[in-house]
Structure formats: structure tokens, C-alpha cells
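For clarity, chains are labelled A, B, C, D, E and F in written order, and residue numbers in each chain start from 1.
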Amino acid sequence: MATVPLVEYEDAPAEVRAVYDDIMATRQVTWVNNFWKALANDPASLKRTWESLKQVMAPGALDPLTKEMLYLAVSVANGCDYCITSHTAAARKAGMTPAMYAELMAVVGMASETNALVSGYRVEVDEALAKAAKG
Amino acid sequence: MATVPLVEYEDAPAEVRAVYDDIMATRQVTWVNNFWKALANDPASLKRTWESLKQVMAPGALDPLTKEMLYLAVSVANGCDYCITSHTAAARKAGMTPAMYAELMAVVGMASETNALVSGYRVEVDEALAKAAKG
Amino acid sequence: MATVPLVEYEDAPAEVRAVYDDIMATRQVTWVNNFWKALANDPASLKRTWESLKQVMAPGALDPLTKEMLYLAVSVANGCDYCITSHTAAARKAGMTPAMYAELMAVVGMASETNALVSGYRVEVDEALAKAAKG
Amino acid sequence: MATVPLVEYEDAPAEVRAVYDDIMATRQVTWVNNFWKALANDPASLKRTWESLKQVMAPGALDPLTKEMLYLAVSVANGCDYCITSHTAAARKAGMTPAMYAELMAVVGMASETNALVSGYRVEVDEALAKAAKG
Amino acid sequence: MATVPLVEYEDAPAEVRAVYDDIMATRQVTWVNNFWKALANDPASLKRTWESLKQVMAPGALDPLTKEMLYLAVSVANGCDYCITSHTAAARKAGMTPAMYAELMAVVGMASETNALVSGYRVEVDEALAKAAKG
Amino acid sequence: MATVPLVEYEDAPAEVRAVYDDIMATRQVTWVNNFWKALANDPASLKRTWESLKQVMAPGALDPLTKEMLYLAVSVANGCDYCITSHTAAARKAGMTPAMYAELMAVVGMASETNALVSGYRVEVDEALAKAAKG
């Protein structure tokens, strides 16, 4: 049970409806998912978060599928169930095949393992890596 | 300061050298980074971890650049400094441009924000999303 | 399903009842929530945890509402569903209005985003900030 | 060492300078901290992040000190060193006394402990708490 | 609802059945838990993960009960519900008594609290501790 | 640089000295590490935290070495550098051999990997596991 009521389209004030309309138009869907209905209790947060998300997820140097897969990987690392579900759905819609999904998950798992090993042994950064990271 | 000594090539037993040789050959580099030198205190862990990593990061349904970017995104989410450094370096080497890097980081930041909002409001999974996530 | 049985008041030994009584008296409620009933399987842990919590959450330099909001913010960052629920309830009881709640969540979300960006770019601490942090 | 160069004011393009100017004016300081100089490699991210932060941290239903303390609590929970430093500095500047700081940290510590206990015992949410959380 | 179908024994290809058989033989059980059935959608990941787990969890310098308790402690720290459940079950089977379980959880809770306090105050590592950590 | 001054023995008030004395006596050492010197800025937190830690880490159903290894495992999972260092040192002092340490780290790494895989695939808890977890 959410900690706030979900704001349905028919009960929403105009400024919320405007965001809902933009979400549906941008994503070419006919409904709005619960995350936005929860955020809509604070129309300013709804608008700001949607505008940021729309800008960040728009195609650019990275294609939409890569962006969705990155979003999913972070959501798994953070253990956010809702986010994992919604971005698995979005990544599949954007073209993630079962084989790509399995490889994504294997990378996330492997990264989690080596992250722990590196932190645990307190491995110092190689100077050459630090330089290469800076580009 | 690491919590274990780093095992240098010249001091390494044969089974460790064999892994070091394979790391350098696979990555086409002439040196081994500190992570492996720390793991080498336990040759079985070194071998197992490297074999898994090599298998997971090999080109497959996802290309090497995408895999490195996913690895980096998880490392940022986990806050592992060494891992962030080494996989930023690896992603740049695999072709990540500054524009791609900026977009990757924007996605990671945005995902972290919405992960927190979703968890905090305890938003329930939409049935339609759960179905779509399952493919 | 919890991994331990919940210890109900009527089945509890005297030392557990004493803690339950103190919880109800301190909070001016007539029931004990599941967290304490789970901890009560180990009366020493129950007593130690409750005594610490009571001391930490007592009014002091920070008022009870601020303390509850801080508790909630940490629980969101840690993704603990039960804790989010119980401390959202407690913060509302202590006077958190819907507007305050929306702002709290916006801060938590924003902090999560910039935490990720800062860690990911491995930004070095400004000397002036380090000094100012020390007071 | 950061993974991107820091963009100094004198080398910054006009759109970046405009943000830097707004940061300094809003905060009534004469310098810009490293976080923004790192973000400035991508002017669009710089502008979006700053605009969001400015909106979220503006006085509203919560006062600036409470917002800074919440930001700090989340940064501690996420283990972000830079963020802890900068928001400890900001909270002190906004009026956080040593006694308030000590209580804030005690709450963060206590929340971390009970978050772990609750998750570990998989305690089920009390129906009454779920209702109360919803307001 | 999982994001992938669970692969049942009767529908599994030979390479998956071979892993399932080894899991059941190694653990001396007559069924396979859902984690492996989810992983089995990618037989290579199933095999690699199982082989690693079997090697890591085999008796060695640490006995099986200690290993299961460490696994459980990490799962609690990461807030993974499924993992907490399965490794609490495994630790009990390996001999974890209620008293040991209560002490394990108290240590995990205490560590979570002091981890937060140390990170929040940005305590510097004592030179003597760094030396002692290196052995 | 810590965000608070470290309180040295010679500058400490009597109530802080009493805790320092107890720490040194309990651990049979002649110095106090920085964590306590940071906490000592708030004598009440110092006393409460030390009393809890002393109680939790005392020998009981689990021996001191097992408790130190659990503490270390959680500290690695939480990525707390200071805590990793101090509890690696403490575990070595309590008898953790290099072979035990390597196995501990392998378990932590493996748990981190499977935690991520389980969360990412949103695997549902097997009914039989839930029952077995409850004991």
C-alpha cells in the first residue's frame, strides 16, 4: 500500500493533467503508471521530475535501449522492485532481447561481486588507471 | 593501503602467472592492475573470478562498450571508487565518448533519484507493467 | 512471512512485558508494533534496542518531528519498506503535513541523484568545504 | 583524481558562466565548488541539476536548515564522502549547532541499525501502521 | 511476479537438468529453489553461477555454518528479501541455533549503526589499524 | 579530514575518560582508535554506543572471531573503509588466518552477486524456504 493516494486523471487538476498528457504522448501509451500518480500529490515535483526524465532519456549520444538498460542496471543495484519492473518492461519494449537481458544481468551480478571484493581488500587505484579514466 | 599485499608477477607462483598472462593477452595490455594482484593472495579466487569475468564480458548479444557502461553504472550505484575508475577507463578505451559519458551519468543520477522516490512512496507495481516486464 | 515468531504480550516473559509496557507508555499508544514483537525473541536485544531508541529519539536539540523526518529519510535511502511505513506514520503523527512530506521526499530524491553524480565523477573535496564542515 | 577536468570560470562558455553566476548569487558566495565544475563538462546537465536543486532546496514548508540536515542524512546513508562534507558545511552555515549535529548523527546511526534488524527478520507491516502512513 | 519464467525440471534442456541434478545431489535435497529456475533461462549463467557458488561454499578454512552466516549477514546488509529467506533457512539447517541467530542479527545491526557513524563523521583511519589490517 | 575534532585523552572530561578506560581495559590495548575520539564530542553517544558494542560483541552463542568476521562482512557490504580496516585488524587479532580471510571475502563477493541476480529477476520466495527460514 502506497503512503500517498494515487491521483487519477479524472480527479487531477489541470497542471497534473498536462503532465499526464505529455507522458502519454511522449511514450505513445494511453495510460499513466502509478509512479506518476503518486508524485502528482505534489504537482511541482511531478512536473520537475518528468521534465528531467524526459530530457535525460531522450535519444542523444546513447540510443534509447542503452539508456533503458543503464536505468535497469542501476535499479537492480539499488534493489528498487518497482523500478526494476518498470524498466525491465521499458527495456523490452525498446528492443532488449532475452539474450541481451541475460547478459545485462550477468554484468550486473559480476560488477556487484567485484565491487565488493575491491572495497573489501581496499585496493588502491593504479596511477595508470586514474589517468586513463580521465580521458 | 590495501589489507593484503599485492602479488607482483616476479613473485607469483606459476598458477598466478598463468592468470596474469591470460589477463594481459585477453586485454592486449602489458601490465596487470592492482585488483588482480590483491586477489592473487588466493590463487583459487583469482582464477575463478577472472574466468567468470572473462566469460561475462566477452562480446555476445551486447557489445563490449555497452557491457563496460553497464559495469560502470553499477559501480557508481555501489559507490566503489576503484571500480568507477577502472571501468571509466575501460569504457573510454572501448569507445565511450565524452557525450556518451555525460549521458550515462545523467541516467545513473536520474535513476537514483526516481529509485528513492518510488521506494519512499512505496508505489505498488502496476499490473500491466508486471506483465510487460515478463516479456 | 517473518523469519521469527512474533511474541505477543500474553505469551511474553516478564522482562519482555516490561519493555512493551514502556513502549506503550512512552508513545502513549495501546499496542506494540511487529518490529518489537520480532526482536522480543531475544529479550536482551529488545531491551538494548528500545533503550537506545528511546534515548536517541527523545526531544533534545532537535524536536521530535525533525528526528522522525531524518529517520524516514534514512529509511528511504536504505530501501527498508517496513521502516518507511512506520516512520512515515510516526512523522505524520508528529506533525508532518503533506507539503512537508512532499518536500522531504524531493530532498531525498535530489540527494540521491547528486550523491550518484559526485561519486561517479569522483569529485575531490574542496579544501574550503572540508574546513567549513569541521566547524 | 576526478574522472573529468574541472571547468574553471575563466575557461567556461557563456551558458556555464550563467549557471555559476546564479549559484554564487543564490548562495551569496564568491566561488563555485568542484561538483559544479565537474558537471559543467555537460552544460545541459549542469543547468538541469542546478535548476532542480535550487527549486528543491528553496525555503517552503520546510526551512533551509531542516532541508540541509535531511540532505546530509541521506548522504551519510549513501556513504558519499564529498556530499557528506559539503552538506555538513552547508548545514553548519544554516545554523546546525554541535548538539544538533550530534543528535542528527545518532538518529542516522539508530535508523541504520533498526533498518537492518527489520529487513533481516523480514518483519511484516502492521495493518495499523500502513493506514497511519497513508495519512 | 518474477521478470522471467521459471524453468521447471521437466521442461529443461539437458544442460540445465545436469545442473539441477548436481544442486540436488550436493545439497542432498529433492527439489530446486526458484533462484536457479530463474537463472536457467540462460544455461551458461546457471552453470557458471552454480559452479562458483559450490566452490565458494564448500567446507574449507571456514566451516559451512560460518559461511552460511556470513552469506546471511551480507544479504541483510543488501536488503535482499529472497536471499535473507533462503540463507536463514540454510543457516538453520547447518546448525544455527536461535541464540546464534539473535547474536548474528545484533552484530549486523550494530555494524550498520557504526558504519553510518564512521562514514558520517568521515573518521580517518588510524595508522596502527591500517598496519594491523594488513596482517 | 574528519568533520569533528578528535577528543584526545588528556583533553577529555571525566565521563569520556571513563569510557576510554573501559575500551582499553576490555580490549587489552593501551590506546583508543579515532572512531571513539570522534564520537566523544557527544559523551552520551560515546557511552551508549560503546555499551551497546561491548554487549553485542561479548562472547556468547557465537565466538569472538565469528562475530568479528560478521562485522567485517557487513562493513564490506556497506563499503565503509574505516570499518573494513578496523574490523579486518580485529578479526586477524581474533585468529582469522589468511585462508579464512580469503574464504570470507569470496563468500561476501558471491553473496553480492547472487543478491543482485535475485533482486533483478524479482524471484519469488519458495514456500518451502519461507517455512524453513522460520525454523
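The rule we apply is simple: a contact is a pair of C-beta atoms (placed from the backbone, for glycine too) under 8 Å apart; a residue touches a chain by one contact, two chains touch by 3 or more.
This one's a predicted model, so the numbers in the text were calculated from it and none came from an experiment.
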Joint neighbours (chain C and chain E) are A, B, D, F
When the contact pairs of C-E are compared by residue number, which of A-F, E-F or B-F has over half in common? B-F
Centre to centre, using CA atoms, which chain is the farthest one from chain A? F
Starting from the Cα centroid of chain B, hunt down the chain whose centroid lies farthest away. C
Could you classify the chain E-chain F contact as same or different, where same means more than half of all interface residue numbers appear on both copies? same
Dist(centroid_CA(chain C), centroid_CA(chain F)) in Å evaluates to 20
Find the geometric centre of each of chain B and chain C from their Cα atoms only, then give the gap between the two centres in Å, rounded to an integer. 33
Sequence positions of chain D contacting 2 or more other chains: 1-4, 49, 52, 56, 74, 76-81, 84-85, 88, 98-99, 102, 105-106, 108-117, 119-122, 130, 133, 135
Touch-based graph of the chains, sorted into line, ring, star, complete or other: complete
Counting only contacts in the complex, chain C reaches chain D at residues 1-4, 31, 33-35, 38-39, 49, 52-53, 56-57, 60-62, 66-67, 69-71, 73-78, 80-89, 92-93, 97-100, 102-104, 106-115, 117-126, 128-130, 132-133, 135
Residue ranges of chain F in contact with chain A within the complex: 72, 76-77, 79, 81, 84-85, 105, 108-117, 119-122
In the complex, chain D residues that touch chain B: 3-4, 41-42, 45, 49, 74, 78-80, 133
So in the complex, the part of chain C that touches chain F is made up of which residues? 1-5, 44, 48, 52, 55-56, 130, 133-135
Chain A partner, complex, touching residues on chain C are 79, 84-85, 88, 98-99, 101-102, 105-106, 109, 116, 122
